[in-house]
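Have a look at the structure below before the remarks.
Should a chain be cited, it is by its letter among A, B and C, assigned in written order, with residues numbered from 1 in that chain.
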Amino acid sequence: MFERMIRSNWFVPITVILIILFLLPIAAPRFYVYILALIYVTALLAMSLNMVVGHGGMFQFHHAVFYGVGAYTVALMLTKTKLPLWVGFIAGPLVAAITGLIIGWFCVRLTRLYFGMLQISLGSLIWAIVFRWYSFTGGDDGIHGVSMPSFLSSLNHSYYFILVVFLICLVLMYMIFRSPFGSTLQAIRDNAQRCEAVGINVRLYQLGGIVVATFFAGVAGVLFVVLERSVFAEMLFWVLSLEIFIMCLLGGWFTFAGPILGAAMIVALRTFVGKYTEYWTLILGVILILVIFFLPEGVMGFFQDLLKPASKELSERGR
Amino acid sequence: MLQVEGVMKSFDGFMAVNGANLTVGKGEIVAVIGPNGAGKTTLFNLITGTLRRDRGRIVFKGEDISELPPYEICKRGISRSYQIVNIFPRLTVFGNVQVAVLSHQRKSSNLFRPAQNIAVEETRRILESVGLLNKEKSIAGSLSHGDQKILEIAIALGNEPELLILDEPTAGMSPEETSATMELVRRLAKTRGLTILFCEHDMDIVFSVAQSIMVMRYGQTIIQASPEEVRNNKEVQEAYLGGE
Amino acid sequence: MTFGGAELICQLLVGISRSMILFIVCAGLSFVLGVLRVPNIAHGSLYMIGAFATFSITKMFAGSTGFWIALILAPLLVALVSLIAERALFQHLYQREHLMLLLFTFAISLILGDLVKIVWGAEYKSVSAPALLKGSISLLGASFPRYNLFLILIGPLVAIALWLFTIKTKIGKISRAAAVDREMVGVLGINVSWVFAIAFVIGCYLAGVGGALVAPTVSITLGMDHTLIIEAFLIVIIGGLGNMWGALVGSLIFGITHSFGVLFWPQFAIVFPYIAVVIVLLLRPKGLLKSVW
């Protein structure tokens, strides 16, 4: 397997990118290090959404909830209990996945828009509780100043921690994407009815996909706390959910790495365009409309289509 | 192997299937015929669990399967293909069949092994037997209609069924494709020891391939008998053959 | 905690009056969903524009007349904005799948949100109710705001008007038919494109009416679109997609649970409607009344 990795034409560019990313904090200004780390966190979140939506074909409208639940879990454990750090780090994703299991259990009985609406209302319920429970979650103020141990004290240390976790998650998600489970999920997305007919318990697999994806969303939530030392109720608000949807759309639904590109685009747009004008969402809106009109497979999907004429033909037929 | 006994199904008061009876013995090739709207596809949907029957019994290998969901019925050895192409359009041809093979081998839930190394032999063998091996890397949605219909059958074979149900396997095919497909079906039945239940519009095909024919009209079974008997049956002639 | 009967009734009426604004907005959203199959997130932005426009128009006139004029003009302005959006953009996208439409309308809402910020700025705005509707009346010994009474009266009026529109007028009948069977309408030789445009504009007009009506009761602010639209979607779903009476039932459930939440456990008042929605969806996933989908 290792040999094949080296022979693959992706090996060199990926290695170069990785080396740059690892060396970057030495040379780059703090601000850029921070932005990059934020991109990793957001990208992980977007990819976890894409697992259910792009690969699984489920209308998980309110995915941000699990990000928020993961972040709040670790923030609450670190501020309210004396439990060691790693317990919180493990609990965050686990609680997110359990929340995903519970919400998903109700939702997989429905399809499409109805799935999405039940999901968004259950998610909003959690948001509403977090938003108002001042004594426990800090309500709309959130929780600030979550203290981190010394090995995560500086920004550079957090950067490396986030990068490593992000890369591990990336590898795991790629393995899942290519695994029988991943291809079965994609088959369900393409044609759920046929999947039932070849002996697949569709709801069970969808639920499995949701649990795995919400786990990774929880990991992203934990990483957010590592980076920001804070959590906000907005992390569970549906607007963020749509924002990550947009990242998947911009990058390309049906690709594996598309959401990374989408997340980078949004974070960069907000940071760098936001510097010049407070109306960056206007620009985002215009870009989105252009993408929807002209690149419905997303930027990454568009380039993949250029490389693979066969799949381009398909996407045109499919419309 | 399969007995359908007095099965009924209505949609909003319309009796789509109103007393269907069918017996399929092991190793047989059985055809269901009847005019459009006679309830053939509905009957197949009932057998495979896509729809749930209102009344009656469906027994497969001695077990009542009429309350089971589709995936459970599939696991017991019934696979089907569809009249209207029903494949996984974004997956490759290989991927389409592999989904079924993985499901059959109970390996679909494997999370971390790359799928490209699992069940490759079996999938390739099926593709070879239907003659699609040279197109295994194509995206299924880009195949020609005829090839997609063949892929339909290949997916159904992925579950290594004992009973294969084919809903108009040659619908929309050219005459050459049709005869090639029916030749394929006959060969599959022989080499794999499959039991086949199919429906088809082309009477020449039905009478040349089927060993037993069930005739339906208005959702009801008129008769099930050998091709000879069906051909000579008065009621069938009036209801169906004579009417054309 | 104990409450007198009068307080309970008052709170119930407050809930109903709030429901009326929700209903007017949701009826529009549901109409667009039913006829055009577009889950329009920008509906919330149009509601917000309605409220901001009401603020500006009210300020242009002295005394109470401004509000009444705004009540007419603000929704028309909203209708105009929606007509432009429909002709320029929406009409090319009706064939796309729901998810794309959802994201597309979200993009529109981002743009409209920033346009509102450019035109009106980021500060809070408030509109005072016209003199006629200021103050409270005494109701069973408790005081009840006159403006809320006005809302309770106007809600049924809008419902009846909309109902008459769909059963009496030609456009209404066509759009009802289009909601059930789109091909059919095309076959009849009707210009579907314009039917859709009119239906869209009517739906959005209602968002504007809702925005104008809500203006005196809340502080008008950026972000009010986001809070509203999520509630509106849930209401439309629990009522039954595209069903106007469903929108009414859903709004009442939402408004009344909220107002009783305020009474019994103010801190978690916003949680109650969501709980109600979840219960309804678990029991009747496709909504309480018949959905046109």
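Keep this in mind: a contact is a pair of C-beta atoms (placed from the backbone, for glycine too) under 8 Å apart; a residue touches a chain by one contact, two chains touch by 3 or more.
Worth saying up front: this structure is predicted, and the values here are computed from it rather than measured.
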| item | value |
| --- | --- |
| Taking each chain's C-alpha mean as its centre, the one farthest from chain B | C |
| Centre-most chain [mean C-alpha coordinates] | A |
| Rounded Å distance between chain B and chain C, as computed from the means of their C-alpha atoms | 50 |
| Approximate Å spacing (C-alpha centroids) for the pair chain A, chain B | 41 |
| Separation of mean Cα positions, chain C and chain A [Å, integer] | 32 |
| Residue list for chain A, restricted to those that touch at least two other chains | none |
| Contact footprint of chain A on chain B as seen in their complex | 48-50, 69-71, 74-75, 79-80, 82, 86-91, 95-96, 98-100, 102-104, 107-116, 118, 138-139, 141-142, 155-156, 158-159 |
| Chain C residues touching chain A - in the complex, by the definition given at the top | 39, 41, 89, 92-93, 96, 98-100, 103-104, 106-111, 113-115, 117-118, 226, 230, 233-234, 237, 241, 267-271, 274-275, 277-278, 281-282, 285-286, 293 |
| Residues of chain A touching chain B in the complex | 172, 175-176, 178-184, 186-187, 189-191, 193-202, 205, 208, 212, 254, 310-311, 313-314, 317-318 |
| In the complex with chain C, residue positions of chain A that touch it | 53, 59, 106, 109-110, 112-114, 117-118, 120-122, 124-125, 128-129, 131-134, 237-239, 242, 245-246, 249, 278-279, 281-282, 284-286, 288-289, 292-293, 296 |
